[in-house]
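What follows is a single structure, and I will ask about it in a moment.
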């Protein structure tokens, strides 16, 4: 039943995935609060970037590895910016669902493109330089990628927190998140701030993509594309507002999922892949307990 | 203030003659529907091969699911990104009962529909408080969880126990078809008839009291409540109807492919379904038919024309996008902010 | 009649309705006041969308606050909204029928009842047109039709005249004036258009900053210096 020798190694793995959830969650949350768009193409964009990295590493002679990794981040940022600057404004008059559907469409297009461009059946993937080196703690083998992931997540969330509080753009983002119309009336440069949010989220997208390929051990574009769905679980637990709640929830989910893998707890272990979804559904239902009725947009109950 | 002639202003004459409910528009629509049905039933099979008939059967089955999803979204205002999970439930129940009993096939499918409807209502109950993006997310998450379980449980193959799996899967462990429709052509017609019945059921709802209540709810839940509509009851009824239709479709799929694979029911299928439902249009039930054809026939057509079937993903994404752009532009013109 | 006793409604730090006690008599009554006075909030309490902090509301002797919102419509409470809520996808007939079949029992007389209501508001010749094809004035009338179909007891009209030109508000006023007699329901009308209030309502209450400022026969209330002060610079009451 409870196999303690396996708990620790899986804890490491859980923390690493939790870190990825945290970074995705941060990117999704900040973008959503600033622009009102829940970017369902987050995973697909990262996958596209990762595919380009793979292509540059495996299929070209001239490209050094480090440049290929940078390319992932650049491509991801570019694609995200493309959507954010060109397409997202067309949906400005829609509710959050409509805005999200736009990103869903983008994800489908990207997925189709990826299948067409890289249709090889063989298992593909690459390992980051941190992925090939391991060390041991308490009988558990830890790759440096896992460590980097956790550190990076801390850096990202900490950095974003400071950014939101201490910089002009960050403050502007918080203002917009609070009340877009008033902010715009007060002279906050909404478009510029939104662009910054798209850019930042795009960069995170690329970083997450790179880490995922290493942590999963292979480049599975379908898996990566729909990774955005469980990534939403910590965001929902954070009620789509609280950054640090999202951060911690991400790690909890990652660790729970991994620990269910470690020992055989019966059917929860069997269905451990539902962990994030169960958390997500729970959060949505819990926070909806007090029902509100909207009359012309203003909740009155 | 000028005086107003009270009588003329109030149109005191009673409106005594009621133009028929079923005006010219309805009759034309009924005629078109009948024509399409007859063509699909008798003309189409004669012109195509078994391969295409099977595709059209898939299209008909999926059109039921798409019609249900479109009804929920377009008529009640409930966005469900989880219909594929219910579709899988319908298939699973049909197969489990199909192996465990020798009840006639229509009974199996009906039971599958009812069980799926019950599950749909049970899931709809806690979701009543959610709407828009949050409802979409909760349905997607619930479906994703379901589908993980389905991938593990797999489809029954004639064995014992709840899961009904056998150790070695042989050719005989596949779902049976109704006696009257053993062949692919026969089953195609069978499916068409069931599809028409399902669409008829949906239509019957839409033109009567539940349909009006749904239109009221979709327009404004507050106003619906203010006019005495018990929104809880009617929303659950909508979930029940849509789940019933989806479950029936699942039952049809079981006999269509005979040995369904869990790969057919992936999370992304929910998203593709929503894309084609939107492309087909959610204002009328015909949209469901279009959606079914898009998702079942288009990829095959593309392959025939030398494109990879994944081009359909690009087309669906573009189609969804185009539809969103057009409707956004329409909202803009009307000066409406959602 | 509607008896409101010591009603207080708070939203966070804002007190929208402050210890209001008043009684709306039968017939057509007006409820006026500057923007933000609490008029729509009072309507929302009556409809059941807002729970008051304290206070009681009874209509024709029945405790209104004890009923859930959808049940109040069945009891006979109807209201229109500031943003019109007529359903564009349905015909005028279906719009009105949708209200009738959820508030009144019995199928037998429904066609007659629906057509009566449509006739009352003067939309007889577009009864089977889709509301989406109608003009804003006609849509307002559909709203009123939905509010008067069947046997309502209280009809709450929330700024039905907003944005309508003078000729059309006159027609609206004529329709509203007939409601107490023809439909047998009392009317409470929230309005900014004073000519409409003067035309329809024999009795009026004035709210300002959530408090009851004045109430009584309309002509007197509109001459009250306190009321004029509250509106100073905002309305031309001549």
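Letters A, B and C mark the chains in the order given here, with residues in each chain numbered from 1 onward.
In the analysis below, a residue touches a chain if its C-beta (ideal position, glycine included) is under 8 Å from a C-beta of that chain, and two chains touch if they have at least 3 such contacts.
On a predicted model such as this, the values are computed, not experimentally measured, just so you know.
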Reference chain C; chain at largest CA-centroid distance: A
Chain nearest the overall Cα centroid: B
Mean-CA-position distance for chain B and chain A (Å): 32
Separation of chain A from chain C, taking each centre as the mean of its C-alpha atoms, in whole Å: 50
Centre distance in Å when chain B and chain C are each reduced to the mean of their C-alpha atoms: 40
Per-residue multi-chain contacts in chain C, two or more chains: 49, 81
Sequence positions of chain B contacting 2 or more other chains: 220, 222, 225
Residues of chain A whose C-beta touches two or more other chains: 293, 295, 300
Residues of chain B defined as touching chain A within the complex: 79, 126-130, 132-134, 136-138, 140-142, 144-145, 148-149, 152, 220-222, 225, 267-268, 271-272, 274-275, 278, 308, 310-318, 320-321, 324-325, 327-329, 331-332, 336-338
Touching residues (chain side chain C, partner chain B) in the complex: 47-49, 69-74, 78-79, 81, 85, 87-90, 94, 97-99, 101-103, 111, 115-116, 118-124, 127-128, 146, 170-171, 173-175, 178, 195, 199
Residues of chain A that touch chain B when the two form their complex: 38, 87, 90-91, 93-98, 100-102, 104-113, 115-116, 119, 222, 225-226, 229-230, 232-233, 236, 270-271, 273-274, 277-278, 280-281, 284-285, 288-289, 291, 293-295, 300
Residues of chain B defined as touching chain C within the complex: 1-2, 4, 6, 9-15, 18-19, 23, 209, 212-213, 215-216, 219-220, 222-223, 225-231
